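One chain, subunit A, links the two complexes that follow: it is found with subunit B in the first and with subunit C in the second.
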Partner chain A sequence: MRMSLTKTCWFAALSIALLALAFVLLGSGLDTDYVIPKRLVRLASIVIGGICVAVSAIVFQVLVNNRILTPSIMGYEAVYLLWQAMLLLLLGTHGLSMLGVHGNFLVSVLLMLTYSWALQWWLLRRGRNDVYVLLLLGLVLTMVIGTFTQFVQLRISPGEFAVFQGVSYTSFNRAKPQTLLYAAIAVAVACAVVRKTLAVLDVLALGREQAISLGVPHGRYLQLYLALIAILVALSTSLVGPTAFMGIFVANIVYALVPHARHRVMLPLGCVVAIAIFLAAQLLVEHVFNYKTTVSILVNLVCGVYFLALIVRKRGAA
Partner chain B sequence: MRKRWLLVFAVLCVVSVLLGARQMVWSDVLSFSGDAWLTLTASRLPRLAALVLTGAGLSVCGVILQHIVRNKFVEPGTTGGLDAAKLGILVALTVMPAAGTLSRMLFALVFCLMASLLFIAVIRRIQFRNLVLVPVVGLMYGSVLTSIAEFYAYSHNILQSMQGWLLGDFSRVVQGHYEILYIIFPVVMLAYLYAHRFTVLGMGEDIATSLGLGYAATAIIGLVLVALTISATVIAVGAIPFVGLVVPQLVAMRCGENLRRTLPLVALGGASLLLACDIAGRLVMYPFEVPIGLTAGAVGGVMFLVLIVRGLR
Partner chain C sequence: MGVNHLSKQYGGRTVLSDVSVEFPAQRVTSLIGPNGAGKSTLLMLMARLLEPSSGAIQWQERDVSRIPVAEYARHVATLRQAPGFNMRLTVEELVAFGRFPHSRGALTVQDRRAMDEAIAFLSLESLRHAFIDEISGGQRQMAFLAMTIAQQTDVLLLDEPLNNLDMRHAVQIMRALRRLCDEQGRTVILVIHDINFAVNYSDHIVALKNGALRFHGTAQDVVTETRMADLYELDFEITRNHRGCFCNYFTFREDHS
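For the complex of A and B:
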């Protein structure tokens, strides 16, 4: 039996509130000077990261018109990490701090944009009809880019390597309040743009031909959304690190929960689901596994198994 | 054709022996003593042997798996075999830290074999129509196995060292640390002996059975051979992805799929590819080395991408 949609939404909102409360208060000793503010910062980066992951995954799935590909599978995060390693190699930690957070972010976004356009021109057009070829290409591409990143890692000095290590796994501790503020503004702008064009997104979900015949300038919106995705992925990777199969997990849970395909409901629910997963993983790491594991390992394990099950169950029917 | 390949292979071998941080002094070598002679016998020649054996073994593994699964995008790295072997070594290290190489290899062998059997059971039950789906499922399966291994390694505090020593690297190969690789030699010989059977196996279960081949038995022999090779290489030199996939495909594109004829070429090609990757890895940052897991991963991965994109057209 399916829960009614309003009930689902209430349930989701309630559970996320409870999780957030547990995350902030559990074992804090109500210490408002140090523990709670620190945790609020982490909560903020979880919220922003969750929104980025969910929105980028769902919008990307609309663009490529299938429910298995996500930006991280198509190598976006791998490119971001390669770029960070290259920056460290070329400029060093000193140069990186010269470039500043904003400069680095701006250049990263530009690079991701180039990557996504290249992907669009070179692959998505050609393999539009064959999801699995794209999926295989994405997986292998991610592995190859990862290999190049490792190669660059060999060249950089140990100190810079330590800096890079901090970037290359999922963690909610690295963001500083100031960076978070900028990230929040960027995400808010991106979400506002998506919100304004929600109707277009619904039409795009029907497919390219249908969208064009309904009067949507497909190419223009494609560029817009690709740009948004590039920004969101750059944000989430810089804030919480690579999330691998998280996006696909979130998107497919939302598809299972929502009976129709209106993005007005799907996107917010996706954000809630993503934040809830991050919170749950962080709580598990802190209180159940006692830091014997990390969020990224946990998320990879659960989402990887889910993804495998999804592919095997769906067979050729995607 | 064959002669040309042999020539390339021979040149690569010679270059591999001559190349290294220490200059070869020929007078020393010819007098069978001194520093250069030691370098040659304790480091260069073992390395050459290890490279040739690993390359040949991995690409023959790829061929056998491709015929069992009947999919040209399959190799130990895309069926979870490599990741399972890593997991096995990890378990061996934590369960009995004092164990020797042989018992560690036994663990890797058992894990690799179980994982391959499970993978093939799943693949067979689903009856895919789609050529590309099998490696996708295999890669996902491998990454799940890896994350289990990471979970395990992190809670035992050996994650960092695991990432280090499971990356394919021949710089550790010196006399006394690679001999386990010689097991690949009989494996390749056996594979050659069974080449006709594997060719028939590749025609599918029905045809193979009606031609009088014990399907399950042959498939299991093949899997055991693969697991033996993989566990030996992962123990001795670490994981090297994509070699088993690219070489057999390139050979099959030129010379067809009659294994009795093409298997020697596949083995030769695998050995040559690894030799070339190793030489490149030694030259890029001379006198330091880039692990072969990276060079072979990059070269093989790019070749794999090209093969997929060619398949798209």
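For the complex of A and C:
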């Protein structure tokens, strides 16, 4: 079954509207004082998280010309987890409450941005805009930071460890309305920049050399997009926690749905797909599993199976 | 277009040392020489895909490093060997990318005309809506060349455009380059390994060896048995007839003494 582009988009928009409606209203008893406002906050954090994950993953895959990498290879999430573990080690569970959700959010975002700027500054100083050097450095740092985090985990008490596990899963219950507002503004700005440069993104997908030959200053746009990705990933990680493979799933589902499309279509569709997956997972967690499982586990399970099926089916067709 | 005392080092290794040469406008110039001579490096430097270690590249009396990349792409187009990428494109969509330097993504009527001209120039109409990952290597090379032509630049830089092509496609591409120069007055500079194509289709030859300029001049003047033998360290026999010039280096001359 092949759907036309507009049909696919309409279908996606409709299904996401239905999912959102179900999410807000299902079993709420139309309680507008507590249940529905709470759910709207979660819906907002799902929408912002979804947009961040989808846009950062698809843009990142253009920059590295590879469809199985996500920005998490650069170590942003590792920095976040190390910071959370250090907080617990140094200040205990009080530390988290002392900073408050708000403070923790801001500090986490700032730390991840500092990390990303340090990486880019190092790259710029070497005078080479080689993506592979950056990837290699990111991968090594991810592992080093991960090892540090594991070491810290060994030092904290079982109770603190449980708290740590809580922050290392994707969850939409953490964000407060005010934090969401700041995040929404930042995401809107980042998306506006991407929107303005959609045609450049298409040219970058042709590879570095072809892009320069077509008059795109590759190094400058690499810096710009890496900075945007850092902002998006920092926001989504601080808001909803690490999302691990989600970016790969979203990007590849989009490539499978509209194999023959420009970024003008791919990016919005990616956002819709990401939001739909998050919504479906959260619905299941709330109503079917009664919070006995987490969004991360469901997302990885469902998307993993779908992804595997996609590869097997493509192999069979080829 | 020309280069002045151009050098390029990788780490401590010099791949191009102090090359100064002028490329005549509205002519086809071939860069020849053995592997590792620095031909592709010179072309990449001129395309601004690499930064020179020292020296400068001139375009219309201007230092190229002072021209913005976006402006440069309206005057100089580069084609390396057909790159692999993840996007699924038709030939027409690929050619449309050639208009990016002019319209930044939104195609105008003028852009459409340039695309049609480029596609017609290479007789690619029948492949217009074919996906580039589903056509043969020779056709793909033609499609990429069409994109470069649609860029409508004064100068075209091509890195081994005949690589992996059969004889028919190779002749097609060389004839197209010749026509671009003769009919539209464009300057074509290409790196080429097949000396016979270089001699028969180009006006000007620039020969490099071990990163240094060996000789340059018109194809008629500089392609001689002694110079070629020195350049490639092979035994050359050059015969000229009404169809052109033929360099035979495939076998060694038997010694009759």
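We take it that the second predicted complex is superposed on the first by the 222 of 318 C-alpha atoms of A that agree within 3 Å, B and C clash if a C-alpha of one lies under 4 Å from a C-alpha of the other, contacts with A are read in each partner's own complex, and residues count from 1 in each chain.
Everything that follows uses one rule, which is that a contact is a pair of C-beta atoms (placed from the backbone, for glycine too) under 8 Å apart; a residue touches a chain by one contact, two chains touch by 3 or more.
Fair warning: this is a prediction, and the values are worked out from it, not measured in the lab.
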Query - Partner chain(s) touched by A:Val305 [first = subunit B, second = subunit C, both, neither] - result: first
Query raised in the report: Of the two partner chains, subunit B (first) and subunit C (second), which one does A:Val107 touch, if any: first, second, both, or neither?
Result: neither
Query raised in the report: So, A:Asn65: does it touch subunit B (first), subunit C (second), both, or neither?
Result: second
Report task. Return first, second, both or neither, reflecting whether A:Met86 touches subunit B, subunit C, both chains, or no partner chain. Result -> neither
Query raised in the report: Looking at subunit A, which partner touches more of its residues: subunit C or subunit B?
Result: B
Query - Doubly contacted residues of subunit A, that is, touched by subunit B and again by subunit C - result: none
Query - subunit C - residues contacting subunit A, complex - result: 47-49, 68-74, 77-80, 83-88, 97-98, 100-101, 104-106, 148, 151
Query raised in the report: Which positions of subunit A touch subunit B when the two form their complex?
Result: 126-127, 130, 132-133, 135-137, 139-141, 143-144, 147-148, 150-151, 154-155, 289, 292-294, 297-298, 300-301, 304-305, 307-308, 311-312, 315-316
Query raised in the report: Once bound in the complex, which stretches of subunit B touch subunit A?
Result: 73, 122, 126, 128-130, 132-133, 135-137, 139-141, 143-144, 147-148, 150-151, 154-155, 167, 241, 285, 290-291, 294, 297-298, 301-302, 304-305, 308-309, 311-313
Report task. Flag every residue of subunit A that touches subunit C in the complex, lowest number first. Result -> 61, 65, 67, 198-200, 202-203, 205-210, 212-217, 255, 259-260
